[in-house]
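The letters A, B and C name the chains in turn, as written, and every chain counts its residues from 1.
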Amino acid sequence: MSELLTKAIAKSEQVNNYLHPVRDQARSRLAASSWPNRKTEAWRYTPLRALEQSWQPSVPSTLSDEALARLDLPQLGSLDLIWLDGHLQAVEGQLPEGLSLSRFSDLSSDHRQSLMQQLGQTKPEHHLFGNINDAMLEDGLWIDVAPNAQITQPIRLVFAATQAMTEVQSRVLVTLGDNAVAHIVEHHLGEVRQWQNQVFELSLGNHARLDHQALYAQQQECLFIGGWHCALGQSAELNSLVLAQGSQLKRINFDVLHRHQHASANLDQMYLLAGKDLFDLHSCIEHEQANGQTNQRVRGLVADQARAVFNGRIHIHQDAQKTAAALNTRTLLLSSQAEVDAKPELEIYADDVRCAHGATVSQLDDQSLNYLRSRGVAKHQAQAMLSLGFMQELVADLKHESARNWLQSYLKQAFWALQE
Amino acid sequence: MAEQIEQALKREYEAGFVTQVESETLPPGLNEEVIRAISARKNEPEWLLEWRLKAYRIWLEMEEPEWAQVSYPKIDFQSISYYSAPKSMADGPKSLDEVDPELLETYKKLGIPLHEQQMLAGVAVDAVFDSVSVVTTFREKLLEAGVIFCPISEAVHKYPELVQKYLGSVVPQKDNYYAALNSAVFTDGSFVYIPRGTRCPMELSTYFRINELNTGQFERTLIVAEEGSYVSYLEGCTAPMRDENQLHAAVVELVAMDDASIKYSTVQNWYPGDENGRGGIYNFVTKRGICHQRAKISWTQVETGSAITWKYPSVILKGDDSVGEFYSVALARGAQQADTGTKMIHLGKNTKSTIIAKGISAGKAQNSYRGLVRMNPGAQGARNFTQCDSLLIGDRCGAHTFPYIESRNPSAIIEHEATTSKVSEDQLFLCRQRGIDTEKAVSMIVNGFCREVFKELPMEFAVEAGKLLEVSLEGSVG
Amino acid sequence: MLKIDQLFAQIEDKGILKGLSLDVKPGEVHAIMGPNGAGKSTLGNVLSGRDGYEVTSGSASLDGKDLLAMEIEERSHAGLFLAFQYPVEIPGVSNLEFLKTAIEAHCQAKGVEPPSSAEFLKQARQACKQVNLPQEFLKRGVNEGFSGGEKKRNEMLQMMLLQPKLCILDETDSGLDIDALQTVAKGVNDMRSPERSFVIITHYQRLLDYIKPDFVHVLSDGQIVRSGDASLALELEKLGYGWLNAEESA
């Protein structure tokens, strides 16, 4: 199935715009890559067979009011950016001071130069699908928050899949200047057969803060491969919560780079899988400099014949003394045909660090179950309450109220659907 | 401070001497002729030769594994000699009196006197020197209990039906690259058979010694514990200090029938090479056991030697209610690289496994834990607990953890914990304030870190393991 | 016994002790009180030789021997004992093993035979009883999973077994409930003798209700600004440390 590679390489030669250095470099990397198989460590548990179809490019379309209503987006008081099959719709409303949104294709020549300096700064070069995204790069969106700007209104990025049998490559760059604050919400949805390959590159300036929530709600037919790569400046703070449902193929590479000292990352990641879905989360936390902090919590519920794959890597470089990094992952299997494959890795090259991993795969804890039953709650009900509680714990910690309400109710709904 | 600690951990490699003994060594190189020559030298039956050749052909088709967190120049398998034995062993000495005194002296120097009356009571030893077994002690006494303990080359002749039945039954020839190589060229090793319902009356132990230059050691150990039997087996390993790397690719197979219990302990102290990574043994070992109903296999290892260690003693928990254990201390100093861990494959109901792995890294060493816990669909009510702790000493070493967790059964419970720590200044200060010098304090702290594993070792080996970390174990009180 | 003369010490480039002098004679109990940041803990650390503290001038001697020239463990062998404010945990190393190693090191330094295992065990059990710790604490890792009070009792246990000449208690009373406080005080009082001296560093007066000091010193900004008898502690307790500064500036 290296047709995809061939296609990406061909595309990289066809497109003609100022982004060609990105495409050219990716092309040479792709030429030297091979298609993953079961022996490829990064794809050990996740077969790519579902991609073996003939995908068509998606066609630009405009979102009608009815179609917008059908998306049934919750009220978050947000500034909304909507991609329909990879095509960004016109943005309505006034932008807050300090926020600028630009399509790569609209940039002035000065800005083009600074964009070219930013692209590829946080994305690792060895990611096959990142390279495919690079090779096919035609356009993208750059969200920039000026230094010291405090954008409290959530910026919501909606990615909707509506055209069947299409292939979508999308690209977003987010940059926060020093001391800037922003809140980004991602909402991915769609039910049609589509393949999306997405790359997010984010870069936080010194003392900048990004609050981030992402809901990957695409259903079964939607195949998704995403790279989310965030670099942290000195004393920068990233607070991120990811909630994902599975599909036939859904893979997210979630990377955080502590490029400077004293940064902190609080990462909560949850998945809720049913049917024959698959969800594969590969997180990679790089502590390159000293005094960084990472606190990562991962919770998963896996029902039916679904499969969860989790690879959590924490890499402490030699200069990253005094790092405190903790990863805790807990998975509940809810059916006898469900599967989980987890690998919480530690790679440590500095001696004065505090790193810990905890991983459990289990059923619900008998003690809590018995406690609830002793209070008269029926067993199946007690099980449901505890399983849901196990996930809700993380959402409940969200500070932003409307985002919390939205994700809590989504979680509940998804959970009860899974119980049926 | 890190330097002080590193200094405290340094020690001479005491087993680094060479024994001057005339050897008969096959010229370097590997092909079917070499395999036939090894087989002929051991006077092997036809089936075993065919078995070896089959393994060799499989090996030719395989690729050297590269997934471990270790790096070394490609091994030239044609530059290694696959058979070397002291000439004096050619006539097959019948008793200890006929064994070349040089050989006996070698083992004595290593702290393993082979004269029965000088030995620790209660330990029987099989001494393997390069490619042959020199002597096996207490054989008659063991036979009285029905226990067979002899070189595997001898078992092939004396107990062919047992060897044929179990050889390769746990680690098949095609299992992995080094196991295939071992199957093709293995020379000696120990064979243990414990009959039904028998508790082996003594500790069994094999002591492996590589002596000859440019020789690989490819030993094969097979332990079969029949229903309801028990055996505790120990192995130790050393080699001279040489500038060239030497290959050690062993295979160990354990079979624990219903209600049987095998305790297998290793104190591995192959020559680790010098501070700059010159010389040392490449220790690429496949160890695996299979547990039938209610059986138990316990691996305990203290890995302090070798330039590179690549080793994952595993248990297949086939029978219901069977138990697998893995207790490991891996110390990597200087330029050593260790990639070690275990696999616990849960097939049966209510199977249990425990993994306690302690890794200590110092100097420029890289130390990795790599483990797999798999709960198959049939592993109803199975449990695993894993604890991986790393201790880093100095800021140029690395400690890594790669645990694979695969669950296919909702009623199975897997718990994995990993931590990392260092010998803290506060701990050292407390010890020194109470009058204990740095060297002793470091030994004590490192030893404390390993305590959970050391307490699993049989007494005789606990002492040796403690010495290896320059630590006296438990005080004489307590 | 302990003689400190015009001691100046710093951490990195920050001066903490600024000309501290103190003379402790055999059998005396001195309490050193003072506000946070006065340099109280630094004093114990400097005297015991902890890394990171630099003595820039002045002297400190124990029985006429220059303390500052000695290694940490040599100071211990010379009879200096520091009871820590926050005793560290050493996982896997049993208390018993730790104590035995320490006592053997002391005996070796003095050139005397260490006690037999049986004798040592007897002493350890006896000391355990005295500080109200169950015997099983001897087999547990040093301070491993101990509560705050248990850690402090364990410090007393070590002090009893090592029989030092000079005991420095660094805020041993902090975070203790009344029972533990009394146990600690009893431990100290039992050990008082004409040959042994104590320096008790504390923020509060309350420990001194149980251990009667011969002298009380107030440490402020790296110097002893006032000395007196036990009544000084009561005065301080009543008026607070602010009173000191007010008086000085007046």
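By definition in this document, a contact is a pair of C-beta atoms (placed from the backbone, for glycine too) under 8 Å apart; a residue touches a chain by one contact, two chains touch by 3 or more.
Computed from a predicted structure; not experimentally measured.
Following the contact convention of this document, no chain is adjacent to both chain B and chain C.
Comparing per-chain C-alpha centres with the mean over every protein C-alpha atom, the closest match is chain B.
Centre-to-centre spacing of chain B and chain C amounts to 49 Å, using the average Cα coordinate of each chain. One simple way to say how far apart two chains are is to compare their mean CA positions; for chain A and chain B this gives 44 Å.
Measuring from the averaged C-alpha position of chain A to that of chain C gives a distance of 55 Å.
Residues 48-51, 71-73, 75-77, 81-82, 84, 87-94, 96-98, 100-102, 105-106, 109, 117, 120-121, 138-139, 141-142, 158, 162 of chain C are the ones touching chain B in the complex. Those residues of chain B whose C-beta lies close enough to touch chain C in the complex are 1, 424-427, 429-438, 440, 444-445, 447-452, 474-478. Every residue of chain A that touches chain B in the complex is listed here, in rising order: 41, 318, 321, 331-363. Within the complex formed with chain A, the residues of chain B that make contact are 2, 67, 375, 377, 390, 392-422.
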